[in-house]
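Next come two complexes, and both contain chain A; in the first it sits with chain B, in the second with chain C.
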Partner chain A sequence: MNLKRSLKLYKMLEPHLPEDLELEPFDFISIIVHNIKESKRHNDYIDILEFVSGMPRSELLSMEFIDLFEMFAEGMTDLQIIYLAKFCRKMGLSDA
Partner chain B sequence: MESSIQIGKKKYLISRLRLREWLKLEDNRIRIKEATESKDIDGFAEGVYSYISVAIGVSSEELDELYWYEVINIFETIQAENFPKYEFPLLESKTKAKTVRWDYPERTWYIWANNLADTYGWNLEYIAELDIDDAIGLLQEILVNDQLEKEWEWGLSEIAYSYNSSTKKSEFRELPRPDWMKAPPEEIKPIRMPKFLMPLGKIVGRDGKEEILQ
Partner chain C sequence: MPNSADEQIIIEIVVETSEVLADITNFRKEVDLVKAKLKEFADATGESVSVVGQRFKTAFAQGKIELGEVDELFGVTSISAERFGKVTTQAVKEVAQEEDKATQSTKLFGIELGKLGDIGRLVFGSVLGISL
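The block that comes next holds the complex of A and B.
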């Protein structure tokens, strides 16, 4: 994913990111999913998966939760999401 | 110290830039900062691409094809290579440069070149190749001398003194200095206060917490 798209992804993820960026990747990703669930903005989860995987929304909605979570976790790990969040916060791109 | 990076099959050397190119880098740094302040992520990415293009000549289109991590890595390497050696107050100015009618792209270079050529009589080619620390240090000295000279002339003129009708005396008004020349505000030291001067009763703090003092 190039810089422009990764920054867009950061903006989608930003409201759900944990404060602590020093967490282990799995914990970090689990907190994102937990935060999305808590915020009741479930569409954000599908929007992010659609953006990362390029799969049609209808197909994503027909998948099992566990498969979606696996896809989400893999996507976030491959994209080095913690490093992206650290960079964006360091550069002042964060809304907080 | 130079470092190198590889994009595709091509190897690029990242070295410390000379004044003219460094000023282009600075213009891009400001562009990135402005995009950050306005939370314009596309503007931010364009600024980063342009910053890298100035330093190593890779086009924005090529950079747009790269994985984001690589771009950021190149960007941070260039930044580290081109930091001034000292913390020059001149570069810490918080006042945003006002846009004027006679602005044009890359005007920063001509402002610097004009000041350095005027003071030292160097030609443009020589100024363009100056080491950035030397150039920043010299420009700061030129601006300090200029300000001190203006302050001296100001002190000799009538407009520097205004009549205070309550004291019936003339008072000297200092010529304002640019913010990077002003002394930083002194830290306010905590003062011990006798207990009998302390407020009594219910105190509500800014955080809403209540406290009873007796």
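The block that comes next holds the complex of A and C.
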């Protein structure tokens, strides 16, 4: 795990994380997307995608939503965000 | 700095993704409910889950059983005959996989989604207009 990158991603995701971290990966990621939508902070989704992919926003916006979601999910997995979220919560690092 | 056109695209991306994920989640729940009930019927009748599933699909499609009865029997609310057919097909398929002990974790969208199985492909396939 790249700790620096993981912590950066955690900070971006933190407002949208589910209360329950003991979820299947699919449910976990679905709730994050749902929470982003409900919070109306839609830009957070693209900010996260920019971060995990390294691609420019303009290129991301020309892609299909399904491909973007695949990238989003891969980013969560590669940076072990579920594990990291549990760790940060346990340590009280809500603003890691 | 994003312009308003970009903002609209971003909103559409997030909303569309969220809706499709919710569809998948609902479909998953329906499959689990139908699967459990089909197993009960199969146990009670001595028929295979596949045969029982086909009986229900046919009966619902032909109007021999009503929506309310399907709701009551399976716990899936306000489901169409077409949707019930898809759900039941998936449920039967999963039971067969379980019986064959051939269930494998499915990698979809780059993450291991063993519980999701083929449903993601099914729902995303329909969204994308792909024949599955």
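In the analysis below, the second predicted complex is superposed on the first by the 93 of 96 C-alpha atoms of A that agree within 3 Å, B and C clash if a C-alpha of one lies under 4 Å from a C-alpha of the other, contacts with A are read in each partner's own complex, and residues count from 1 in each chain.
The rule is simple: contacts are C-beta pairs under 8 Å (C-beta built on N, C-alpha and C of every residue); 3 or more make two chains touch, one makes a residue touch a chain.
These numbers come from a predicted model, not from an experiment.
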Message = With the two structures overlaid on chain A, would chain B and chain C clash, or do they fit side by side?
response = fit
Task = Considering only the touch criterion stated at the top, classify A:93 as touching first (chain B), second (chain C), both, or neither.
result = first
Task = Using the superposition on chain A described above, determine whether A:66 touches chain B (first), chain C (second), both, or neither.
result = second
Key: Partner touching more residues of chain A, whether chain B or chain C   = C
Request  = Name the contact category of A:83: first (chain B only), second (chain C only), both, or neither.
outcome  = first
Task = Could you look at A:30 and tell me whether it touches chain B, chain C, both or neither (first, second, both, neither)?
result = second
Note = Least Cα-Cα separation in the three-chain superposition, chain B to chain C, whole Å, stands at 17
Key: Common interface residues of chain A - those touching chain B in one complex and chain C in the other   = none
Complex contacts: residues of chain A adjacent to chain B = 1-8, 10-11, 79-80, 83-84, 87, 91-93, 95
Key: Touching residues (chain side chain C, partner chain A) in the complex   = 2, 6-7, 9-18, 20-22, 24-25, 109-113, 115-116, 120, 124, 127-128
Ask   = Which residues of chain A touch chain C in their complex?
value = 24-27, 29-30, 33-34, 36-37, 42-43, 45-46, 57, 61, 65-66, 68-71, 73-74, 76-77
Inquiry  = Going by the contact rule set out above, which residues of chain B touch chain A in the complex?
reply    = 32, 36-37, 39, 41-42, 44-45, 48-49, 63-69, 71-72
